[in-house]
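What follows are several structures.
Same chain, two partners: subunit A is paired with subunit B first, then with subunit C.
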Partner chain A sequence: MKKYNARSKMLISLAVSGSIIALTIIFSFWLSPDNLITDFAKKSLPPTFRHLFGTDWLGRDMLTRTLKGLRLSLFVGFLGAFVGASLATCLGIAAATLGKKVDSVISWLVDMFIGMPHLIFIILISFAVGGGIKGVVFGVAFTHWPSLTRIIRGEVYALKNSQYIQISKSFGKSKWYIATKHILPHIIPQIMVGFLLLFPHAIVHEASITFLGFGLSVQTPSIGLILSEAVKHISIGDWWLAVFPGLVLVLVVKSFDNIGEQVKILINPASANE
Partner chain B sequence: MALTGNDLGFYYHKNEWLFRHVNIEISYGEILGISGYSGSGKTSLAKILSNYLQPIEGNLKVDGRRFPQKDFQPVQLIYQHAEKAVNPKWRMSDVLNESYRPDEQILARFGIKKEWMTRFPIELSGGELQRFCIVRALHPATKYIIADEMTTMLDAITQAEIWSELLSICKERQIGLAIISHEAALLARLCDRVVSLKQLKDPAY
Partner chain C sequence: MKKNLKKILLFVCVGIVFTGLLAGCNQPAQGPVNPNLQVDNQDNKEELVICMGTRPPGEFDPRKRWGLYSQSQIIHDTLLTRTPDLEIIGDLAESYFVSEDALTWTFHLREDYKFSNGEAVTIEDVKFTYEMLKEDGIHWDLTFLEEIEVKDQQTLVFHLSEPRSTFVAQLTEIVILPSNHYDDNYSENPIGSGPYKLVQWDKGQQAIFEVNPYYAGNEPHFKKFTLLFLDENAALAAAKNGTVDMIYVLPEFADEQIPGWKLYSYESNDVRGVSLPTQKSGSGTTPDGYPIGNDVTADIAIRRALNMGLNRQAIVDTVLNGHGKKAYSLVDKMPWWNEATIIEDNQVAAAQQLLQDAGWVDDDNDGIREKNGLKAECSLYHPSADVIRTNIAIVVAEQAKNLGININLVGSNWDEMKTKMHSNPLLFAGGRHHPHQFYRMHHPDLAGIAYNNIVYMNNPVVTEYMEQAMHASTQEEANENWKLAQWNGVTGASALGDAPFAWLIRLDHLYMGNSRINVGHQPIHTHGHEWSLLANISEWTWDASEK
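Up next is the complex of A and B:
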C-alpha cells in the first residue's frame, strides 16, 4: 500500500471533517419537517431502517430532530465565535498599540476572565441578557475572548517593534499603511485559527447550558434540549434518544476542532513545510 | 552640510548612562568609521543617529534642521540582520518598492538578479537579502546612511563586493556614510576617518 505523507494525510483529514459538517448542514435542510409531526402510532420506536435514529415519545423522527437541532447549534456557534473573535481582535490590537494604561487594563480583564470558570459565567451572562439565542451567543462570546486576545496582543506587540516595521516608518509610511500592509496579514491567520477553535466551544456550551435549562426555549429544536429531554426517557430503556444525538454532536464538534488544529499547523511557518 | 549630534546622552535604565556628552559629525560624502566593542552602545548610537530612538540628552540635526516628523527620513539605517529587516510575507519586488522603484542599473551594480524579485525572503541567503536592504536604503532622498555591522554576517568576497559598490555610490551622490563595526581592519580600509566609541564617550582618552 502506498504510504501517505503528512501533507496528504492532512488534506484527507480536512476533507473528512469538512464533509461531515457539510453533510450535517445539507441534510438538516433536506429532511422534511413533516418528520417532526407528532404521530403516536410511531411512538418510541428503536432505530430501524426507516428511522435511523429511532423516534421519540411523541413519534418524531430523531434523525431529523438531531440534524435540525445541530443546524441551530452551528448557527449559534458561528455567531458566538464570530463575536468572540472580533472582540478579541479589537482588544488585542488596542492593548498592543494604545499605550501602557490600556494594556494593563485589558491584561487585567484577560487574567480575571481566564481565572473564572466558563460555564458559571455563561449562565450568568445568558440569564442577564434574557436567555434564548441572544443569551447563548453573548454568553459564549463574552467568555471566550481572553485567550485569543492574549495571543493577538503578543503578536501585534512583537510586530510593532520588528525591524521591518521600523524601517517602513523611516520610509515615511503612515500608521494606516503599516497596520493594513504589515500587521494585518500577519494576524489574520491567528484570528482565523482562533475563530475555528472557538466554534466547537461555542457549540458545546450552547448544548450544555440548554441542557441545564438556561439556554434556548423548549420550542426551538436544539441539541442541548434533545439531550436534556432524553434524560427523562433513558431510564425506561429508550437509549437511542441520547446516544445518537450525543454521538453526532461529538462528531461535528471534533470535526471543527480538527479543522482548527490542522489549519494552525498549516499556517505556522515552522511546521508548514513538514 | 552635515549630520550633527551635540552632547548626545542615552540610557535604558535610569541613571545608568550608556553614553553621555557625545559629539559627532558626518559631512556630505564623508565615510566615517565608528568602532566599539559589543555592548558599548554602537547599535543604540546608530538608532539615535537615524532617528529610531530619541536621545535623552542633547540634540541631533540634519543639515542644520530637525528630523522630519512623518516624511521620508533622510538618514537611513541598515541593520546587521537583513532577514529581520524585510517582511517575511512579502515578495522581494514589494520589499524594494516600499521605498522607491530602483532602476536596472543600480540593481545590476549590487548583483541583484531578476529572478530574485519574485521570491520570498526565506528563499534568499543573508547576503542576497542584504543587497536588497542596501538598494532599498539608497532612495533618491537619502542623504546619510548608517551601516550598523552591515556585513558582519557575510563572507569576505560578498563583503568586498558590497562595500566597493556602496562606497562608490556614496561618493557619486555625496551621501554621508557612517560605518559602525567592531572590526578595526575593515574600518581602516574603508573610511576617511575612524573614531572609536571610547573616544566619543571621553574625548580626553
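Up next is the complex of A and C:
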C-alpha cells in the first residue's frame, strides 16, 4: 500500500471537505421544491430509499428540507464571514496606523464585543433590525469581527515598525499608500485563514438563532427551525427529524473548519509543527 | 497531537449529544410531579391527575375571562346551566321566567347553595356579581342591564333596557362570586359554590382541586383532581411514565399506544380559519391606534377565491390526522347555523376563473397574480407556539399558491398580533355554545375593540339582521335572524356573501386517558380544549370493570 505523505494527505482531506460542501450546495439546488409540498399520505415516514431522511409530520421530504435549509445557513455563514473579515481588516489596519485615539476606541469596541456572549449580541442586533431573515443576516454579519480584528491589529503593529516601512515613510509616501501597498499584501494570508475559520462559527450561530425562532417564517427552510421543530416530535419517537439534519450540519461545519485549518498550515507551514 | 485530542473531544461531545437525543426518545423526562400523586391502579380510584394546557385561562376570575370557555361549573355556580344537549336549565336559579316583551327576567333562587367557606350564597352575591361585571365592562357586555331588583330573599328581577336574546348564554357563563370576599386578588384564593374548591395553585406548575364540602348538589365521585401545567410533549412523556390519568393530545400524538389507556375524541365547533380584513389600507386606525385595512384582502374576489379554492379536507387529513371536520362558518352545527352556507370547496379552477374575471392576472409569469400593479400577496400571522395553527398556516399558504395568491407566513405572538390583526390576515379561532360571538365578530360598532370584528366587517344588511336577532323575544325568532345574517339569498356574513373569514376546519378535541375513566355525556365541545372536557368533571366516574 502506498504511503501518503503529509502533503498529499492534506490535499485529500481538503478535497473530501470541499466536495462535501460542494455536494450540499449542488443538491440543495437540484432537489425539487415539489418535495416540500405537504402530503397526508406521506406523513412521518421513517427513512426509506425514496426518502433517505424520512418525512416530517406534514409529509415533506426531510432530505430536501435539510439541504435547502443548509443552503440558507451557508449563505448566511458566507455573509457573516465575509463582512466579519472585511470589517476586521479595516478596523485592524485603522487601529494600528491611525494613532493612539483610534486605536483605543477600536480596542474598546473589540473588548466590549468579546466580553459579551456572542449569541446575545446576535439576538439584540436581529431584534433591532426587525427580526426575520434580515435580522438573522445582520445579526450574524456584524458580530464575527472582533477576534480577527485583534489579530490583524497585532500583525500590522509589528509590520509598522519594520525597516522598509520606515524607509517608505521617509520617502514621503502617504499613509494610504503604505497601508495598501506594504501592509495589506502581508496580512492577506491572515485574512484568508480568518475568513475560513469564521465560516463554521457563523453557520453554527445561524443555526442556533433560527433554532430560537426570531420571526423567521416557517416557510423558510432553515436548519435551526428544523431542529427546533424536531424537538416537538421526539416524544413520539420521530428520531430521524433531528438526527439526520443534525449530522449533516456537523459534517458541513466540520468540513469548513478542516479547510480553514489546512489552508492555515499551507500558508504558514511552520504552524504544522504546533 | 494537541489538535487530534481536540478533534476527538469534539466528536465525543457530538456523540454524547446524539446519544442523549436518542435516549430521550425512550426515557421521557419527568414532569414536576409530586411523588404522592403517583397513579395507583386501585379498584375505586378517587383522585385524578390531569394535564391540559399550560395555564388556567381566565385564572378563576370572570373579570379575566374565566367562564367564557365552558369553565363555569367547576368551582362556581351560575344562575342557569346547559345540559349536554345544550338545553338551558336552572342552576342557582331554581326556576326563571321571562316576560312577553323579554325585558323582565325573574329568577327564583335556591336556598341551599353555600360557598366553599360555609357561607350561604345570598341574593346580594348575585346582584353584586352582575353589577360588578357590568361596571367593569371589558369581557362581559351587560350595558343593556338597566336594573337588578331584589324582590324578596329568593326572587331577583333583571330589568333590561332592550330585549337581548344572547343574555341567556351569559346567564350560563357568569359565575356567582362572594360579595364579601371578592377583590383584585380573587384569583389567588377563589371562593365559589361549585362542586370543587381550589386548594392550591402553583403558577406554571399545578393546581389542586378538592371537593367542596358545602356543595349543594350530588357529591362528585372524584374527591380530588390535580391539573399539571405541562406542554403537550411533557404531558405525553408523563402519560407514558404513568404519572397522570388523562392528558390533552395533539392530533399527531393520537396514534400513540399506552397500555390501559384509550383515546377520547369529541366533536367540536372549535373552528380555525383565516381572517381577511375587508377594508382598504389607509382606512384609519383602531381605538388603540393600530392600522386598519389590507388592499389585497379588501377585494372580495380574493376572499371568495380563498373560501372556494382551499381544500379543507386536505387540511383535516394533513394537519389533524383526520381528527376533525370541514368548517364553513363560526357557528357550524349550532341551532342558529344557516346550512345553506355550506359551499363546495377545493374548486381550484373556478377560483382561478373568479380571480381572472376580477382582474387578477399573472402578467409577469411569476406565479402570483397582479391587478393594477398590486400583487396578490399578503402576510398571514399565526401564533408560533400553537402547533396546530402553525401547521394549518403552512398548508393554507401552499394551497393559495395554486390559486396565484402568495401568502407569507409570519410566526408571532399575541402581543404583536394584536397590533397587526386589523391590517393582516390572522389564523383565527372561535366557537361557542351561543351566537353572541358571531355578533361580536361582525358588528361594525364593536370593530377594533379587543378581538371583536378584527376584519372591520360593515354590511348594513347583516348588522340589521343581527340587531333583530339580539332584540328578538323568542329563541326561534332570534335563530331565524342569525341565519339570515349569514346568508339571505343575496348577501350575508358567510363565504357566500362578504366572506370576511375563510373558516376551514373544526378540530376534534382529543384526549388520552385511563380507559376506566367515564367522562359522562359530553356536549359538542367549544373553543378551548381544556375546560370543554373538564366542565362536567363532577359527573365523572371510575369504571373498574373496564379493561
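One rule holds in what follows: the second predicted complex is superposed on the first by the 258 of 274 C-alpha atoms of A that agree within 3 Å, B and C clash if a C-alpha of one lies under 4 Å from a C-alpha of the other, contacts with A are read in each partner's own complex, and residues count from 1 in each chain.
Convention: a residue touches a chain if its C-beta (ideal position, glycine included) is under 8 Å from a C-beta of that chain, and two chains touch if they have at least 3 such contacts.
In this text the structure is predicted, and so the values were computed from the model without any measurement.
Trainee: First (subunit B), second (subunit C), both or neither: which does A:Phe171 touch?
Mentor: It touches subunit B, and subunit C stays clear.
Trainee: Tell me which partner A:His182 touches in the superposition: subunit B (first), subunit C (second), both or neither.
Mentor: After superposing on A, A:His182 lies in contact with subunit B but is clear of subunit C.
Trainee: If we overlay the two complexes on their shared chain A, which of subunit B and subunit C does A:Gly246 touch? Say first, second, both or neither.
Mentor: The answer is second: A:Gly246 touches subunit C but not subunit B.
Trainee: Between subunit B and subunit C, point out the one touching more subunit A residues.
Mentor: C
Trainee: Check whether A:Gly130 is in contact with subunit B, with subunit C, with both or with neither, and answer first, second, both or neither.
Mentor: It touches nothing on subunit B or subunit C.
Trainee: For A:Pro117, decide between first (touching subunit B), second (touching subunit C), both and neither.
Mentor: neither
Trainee: Quick one: classify A:Phe40 as touching subunit B (first), subunit C (second), both or neither.
Mentor: After superposition on chain A, A:Phe40 lies in contact with subunit C alone.
Trainee: What is the contact status of A:Gly213 with respect to subunit B (first) and subunit C (second): first, second, both, or neither?
Mentor: second
Trainee: Across the two complexes, find the residues of subunit A that touch subunit B and also touch subunit C.
Mentor: none
Trainee: Can you list the residues on subunit A that touch subunit B in the complex?
Mentor: Touching subunit B: residues 162-164, 166-168, 170-174, 182, 185-186, 269 of subunit A.
Trainee: What part of subunit A is in contact with subunit C in the complex they form?
Mentor: It is residues 37-40, 43-44, 57-59, 213, 215-219, 231-237, 239, 242-243, 246-247, 250, 254, 261, 274 of subunit A that touch subunit C.
Trainee: Flag every residue of subunit C that touches subunit A in the complex, lowest number first.
Mentor: Residues 2-3, 10, 14, 17-18, 21-22, 24-25, 28, 232-234, 236-237, 252-253, 256, 314, 317-319, 321, 384, 387, 390-391, 393-395, 397-398, 408-412.
Trainee: Write out the stretch or stretches of subunit B touching subunit A in their complex.
Mentor: Residue list for subunit B touching subunit A: 50-52, 68, 70-73, 76-77, 79, 81, 84-89, 98-99, 122, 136, 139.
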